[in-house]
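Structure first, commentary second.
Chain naming follows the written order as A, B, C, D, E and F, and within any one chain the residues start at number 1.
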Amino acid sequence: MTRVPDEALDLIPGGTLITATPAEGRALAIAIVRNTVHNIQPELEALQAGRPQYATDAARLIAATQVVSLEFATIAAANNYWR
Amino acid sequence: MTRVPDEALDLIPGGTLITATPAEGRALAIAIVRNTVHNIQPELEALQAGRPQYATDAARLIAATQVVSLEFATIAAANNYWR
Amino acid sequence: MTRVPDEALDLIPGGTLITATPAEGRALAIAIVRNTVHNIQPELEALQAGRPQYATDAARLIAATQVVSLEFATIAAANNYWR
Amino acid sequence: MTRVPDEALDLIPGGTLITATPAEGRALAIAIVRNTVHNIQPELEALQAGRPQYATDAARLIAATQVVSLEFATIAAANNYWR
Amino acid sequence: MTRVPDEALDLIPGGTLITATPAEGRALAIAIVRNTVHNIQPELEALQAGRPQYATDAARLIAATQVVSLEFATIAAANNYWR
Amino acid sequence: MTRVPDEALDLIPGGTLITATPAEGRALAIAIVRNTVHNIQPELEALQAGRPQYATDAARLIAATQVVSLEFATIAAANNYWR
């Protein structure tokens, strides 16, 4: 098995929830979710095998998006909604 | 494969969570959710193949609506509920 | 195909999250959820075909109720819980 | 078909989110969730047919409990957590 | 059928959301979730039949844990996060 | 059957929701979720049998990540988002 690279395991890339813009906050949400997945399953082959499952199935694609929405809610609150 | 157009990948269309009205906030929630889906799966063909799956299946339609509700909660808080 | 009528596509019926009572807030939550479904799937025939799926299946009925609960949380906060 | 009785359709039984104790708040959460289900599906026969589905299946039982937890979060906030 | 004992139906064991420590708050979250399940399904035989379903299936185990997380969010807020 | 070790049952490892950094908060979220799973299912053999189910299935991997996101939301609020 191949382990995902170290940076793909960084639980909070950049080390902070604070971002300059909402779009950067959204990108951070995606990165945090992805790297949490990697921490639960760090084997590259297993991740690559699972990729077609969710990327072409509407239910899993919606579920992945839902986790990003939840994560973004936390990041948006942290940034006081970039008001 | 065809990649979705660049504007369909914009993580926060308009670049802000602030909107003039609740209805515009809801439309933004739908747009953010849709474009997050596009970022996870940017291949147009895969998206079009998945469309009939959720649009005609009640469970997936409810799941898609749930993500919009979650996203709207964040946007509504950002706008102090348009009080 | 038949498109749902325009009022069924109104993203925030009444244009505001503020209501006089908790019961009106709950009714608004149901209306917002329903109309979001209509925006994702505006074809009347597809909606009518999906109706028996969730209305007679406990899992989908619970899922639909869950989205109403999420939406109501936002509306209740907007109304400062009608305290 | 038989329609559920009117009181089973009351969206917010008692008309308020404020309760004297946490246990009464939890009971209200259960009542609100149940009556929302009734509003989505008011036919008694369909509800009774669906009852065995969720009451004996762990996944649906957990899902029903999850909706109660979400509803209770709103009621608890409304009551300032009965502090 | 055997009904679960009365204490297993107590909606908020202890009658308050306030606890001395985070660990006690987590234990309360588990107890509240469990007793809500009992209120929806008070027949001991049905509960025991459903137990192997979720305890040995990863999807249901994750779902049960998710409800505990949601419940704990409310309890943690009630306790001002034990700061 | 083998019971998981005592430390794997600790409901809040470290006894507090307060952490020095967001990454430590995320690690705590993962630990809390994992140990809640252990409390619901403390048999090591059952846990090991379930592991391949979620670690190689995209849907369960996403669901596990979602619970971590929910838990992190609570921890982030407890830490005032490490602002």
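Here is the rule we go by: a contact is a pair of C-beta atoms (placed from the backbone, for glycine too) under 8 Å apart; a residue touches a chain by one contact, two chains touch by 3 or more.
Note that the structure is predicted; figures quoted are calculated from it, not measured.
Identification of common neighbours of chain B and chain F yields A. Interface note: chain E and chain F, two copies of one sequence, contact each other through mostly non-matching residue numbers (shared numbers fall below half of all numbers used). For the pair chain B and chain C, the distance between mean C-alpha positions equals 17 Å. Computed centre separation for the pair chain C/chain F is 33 angstrom, with centres defined by C-alpha atoms.
One inter-chain figure worth recording: chain A and chain E are separated by 29 Å, centre to centre, where each centre is the mean of the chain's CA atoms. Counting partner chains per residue, chain B has residues 54, 57, 59, 63-64, 66, 70, 73, 77 touching two or more of them. All chains form one closed ring of contacts, and listing them from chain B in the direction of chain C gives B, C, D, E, F, A.
Chain B contributes residues 10-12, 15-18, 32-33, 36-37, 39-41, 46, 49-51, 53-54, 57, 59-60, 63-64, 66-67, 70-71, 73-74, 77-78 to its touches with chain A in the complex. Here chain F touches chain A in the complex through residues 21-23, 26-27, 30, 54-59, 61-66, 68-70, 72-73, 76-77, 81-83, going by the rule given at the top.
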